[in-house]
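Next up: some structures, all given as structure tokens.
One chain, subunit A, appears in both complexes that follow, with subunit B as partner in the first and subunit C in the second.
On to the complex of A and B.
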């Protein structure tokens, strides 16, 4: 546990120092997105990596958080700090209610049901024009502020977002090393055995689904208040798949894996921007290579790769 | 202690169990035997709430528990092990047993996420107390091994340790000796006797007749979904119908 804490502190320090290295500018904006995506990937990982339940609709919860925050502040003049927990509570309740019937399903059926849920939410964003502004989006969302400090620059928002992202990391670390984390992993490994020793699998799945949705909603609220403008395009099916990719590439069921996945998938398009039309090819090839050579994700892949290389080197020495 | 009355189970057109009734006394080791396909596993699945029976009743110490889900039954003190071992393969042996203490702990998702003081204290208690069951089953030295990497025999022991961690009143074991060598089987029969000595009622499905005859107080014989006989090992051993059923299987 001590080592776990040190690792977290090192990570937090790293996060705090990164902006100094990139001296403001455009990169900090991208790193801010890494923070938001880290929150989302961690949220999805709690569901998929621990409990083993897939969701292809998590972009929907992210969007709900963003829109609820946006609408409550712009249309109803709420304080953003009030809108954010209100949105999260609402999304949590909604996910809890939807979770009961949806999480009875398994495998492909669960994927289809959550996919449908995400698409319906997306359609609502597009069609309820008088509420959401429809396809042209919702603008004029206020920045968050504490006293006279307004989070109106990328740099300030970076620290704001990463504060929440680090809290999320800590949350997920705590859950992972608790009786609930073990029960979730147990459900993933053998649901029937988990139930037989008294784990209420159905309830726990719904609970983790709701918690996951709440984290997504908070990320969505942060996104809305940082960007001040939102439109449905950011919350569609594509983004749900991207989130799934982040979690799988980073490493299912690990705590820092989702961060690595989020960082890679957020930074890669920026790095490949120079490659023009070939970026999608490189992107695809990287994914295929990843799955072939690091099936456990980045977080397990590097130590494993190192071990394999060491073994090979050792072999040469013996020869 | 455990009363099964008129339990039937249909799978499509197949009658897997046909009005099976028997009573298990507290503190006994009861063997459920019968040829393959007799319905033994199905019976266990019904008693432990994994299948919903077509008809009949299961009563645990005077309370009707028919149709309750497994997680409720675990809280009432009814646990089982599986014919095809069901371990939490990705977790260590120790963690597997810690999951067994789920009903003996209560910190919720939020308390765990926020690391509330009481959930931290509880976590420590779970970690420490679960070691007792590793000791009891003799797999302490494997505590940090990943369950998926366990040899078969130790896997069986872990499944038993995890079930004992629930602190059950009744434990049902589905073919616990299947796949074990002679020495392991011998150790298993000693273990089962020690489990009974702690006051837990044991029900076991077993093909190893030597084991059954040696440790069981009573035996229920199933064949083709029906109860064929019931009694002490001696009585059932001499029962011509039982002999016929077993000879039938050998042909």
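On to the complex of A and C.
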């Protein structure tokens, strides 16, 4: 555990120092998105990586958080700091309620049900025009502020978002090493066996689903308050797939894997600038190749690859 | 049967709507429903043979339409030749997908298969976008655009083509599964793969065949609907999902129940769009999907099955 803590501190230090290296500008804005996506990827990883339950509707929870925050502050004039937990609580309740019937399903059926849920949420964003502004979006969302400090620049928002992202990392680190984390992994391996040894699989799955939705909602609120403008296009099925890609690439069930996946997938379009349309092809290819050749993700894949290469080299030497 | 449903709905709405208008919704609902049915049957065939829900199913629908267009416009084939070529090419794509991605998968857990087929679906869609661009294209109708009037409602000849071709495909399918050795072997795989292989059925060949058949069916669906709805690189997503909803309504059967599921879904959607709100049209299928998965996972017509671990 002490080693884990050191690792986390090093990671936090790294995150704090990065903006100094790139001196503001556009890159900071991209890195801010890495933070938001890291939160989302960790949320999905709690569900998919630990409990082994897939969701293709997490963009919906992200969107709900963003829209609830947006609507509560713009239309009803709430304080953003109040709107954020209110949105998270509402989304958590919704996910908890939906979780009971949805998580009764397994595998492919679960994937389709969560996908359907995500699409319904997306359609609601588009159609409840008097509430959400419909396809043209909702603008004029207030920035967050503490006292006289308003988070209105990319640099300030970067630290704000990454504060929450680091808390999320720490949280998932704790879950992973706790009784609950072990119970979730047991469910992942065999739900029947987990139930036999006394894990309340049904309830635990719903709880982790709701928890994951709450983190997504918080990320959504942060997104809304940082961008000050939201539109349904950011919360569609494609984004759910993008989240899935992040988790799979980074490494299911690992703590820093989701960060790696989020960083890679957020920076990739920036690196491949001009090849804007190609990113969808690359996501698809990455998903297929990762599942086929590196099912453990980058976090586990590289050490394994190195070990295999070393073994081969060793074998040659022996011969 | 179609008329009976129309009449009962008419009674429910208290004659407030014109009969012709209801008939119009019913007819267009049935024809789009037939498309869902074809795609749904494709889903079921693969599911029954392999236990996989092929998330890339919709992309073969898109490929059918786009390839027809390609053969028509680029190679200047006549329509009667372009269609079989497009079906053949989509089928080849389906087989390739199975051989290159599904079969070599080392750990075929449901989660991995979901991720793999989603990745495959996005990859195919993305490649189609790179090759053919983002534009929406029209394919000429098979036999003109002269509207036909039926009891005050008008339909296009293409609607009749859709219903006719669907009927034909479903009959051929039924014949194949009930009367041919290869079809019976595939049914055996659906019941018990191990037992099937013990009596000498080449299960891997059956799996490949199931991908071939269902991508061909998807392509046919994509081709017959293209003159009505236009075709673009991204039409596969929604159509594929609706087809899956049809299969769920039919309890993942590869026969009549799924066809009924598609038709019911099509009519519900068309009525919902006409009588309630067109914006929520797409949501209807997914609400039906969620309700069925929650309440009757065995489908609308099936009997409850005990859970296997």
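To be clear about the criterion, the second predicted complex is superposed on the first by the 288 of 319 C-alpha atoms of A that agree within 3 Å, B and C clash if a C-alpha of one lies under 4 Å from a C-alpha of the other, contacts with A are read in each partner's own complex, and residues count from 1 in each chain.
Throughout what follows, a residue touches a chain if its C-beta (ideal position, glycine included) is under 8 Å from a C-beta of that chain, and two chains touch if they have at least 3 such contacts.
These numbers come from a predicted model, not from an experiment.
Is A:295 touching anything from subunit B or subunit C once the two structures are fitted on A? First, second, both or neither.
Only subunit C is touched by A:295; subunit B is not.
Which of the two partners, first being subunit B and second being subunit C, lies in contact with A:108: first, second, both, or neither?
A:108 sits against subunit C, while subunit B stays out of touch.
Kindly classify A:127 by the partners it touches after superposition: subunit B alone (first), subunit C alone (second), both, or neither?
Second partner only.
Tell me which partner A:196 touches in the superposition: subunit B (first), subunit C (second), both or neither.
First partner only.
Which partner does A:207 reach: the first (subunit B), the second (subunit C), both, or neither?
First partner only, subunit B.
Looking at the overlay, does A:286 come into contact with subunit B only (first), subunit C only (second), both, or neither?
second
Taking the contacts subunit A makes with subunit B in one complex and with subunit C in the other, which residues are shared?
Dual-contact residues (subunit A): 192.
For subunit A, which residues count as touching subunit C in their complex?
The contact residues of subunit A facing subunit C are 48, 52, 54, 56, 101-102, 104-109, 111-113, 115-117, 119-120, 123-124, 126-127, 192, 237, 241, 244-245, 248, 277-278, 280-288, 291-292, 295.
Can you list the subunit A residues touching subunit B in their complex?
171-172, 174-175, 177-183, 185-186, 188-190, 192-201, 204, 207-208, 211, 253
Which residues of subunit C touch subunit A in the complex?
Of all residues in subunit C, those touching subunit A are 47, 52-53, 55, 101, 104-107, 110-116, 118-127, 129-130, 134, 237, 241, 244-245, 248, 277, 279-280, 282-283, 286-287, 289-290, 293-294, 297, 309.
Contact residues on subunit B for subunit A in the complex?
48, 50, 69-71, 74-75, 79-80, 82, 86-91, 95, 98-103, 105, 107-109, 112-115, 119, 122-123, 126, 159, 162-163, 165-166
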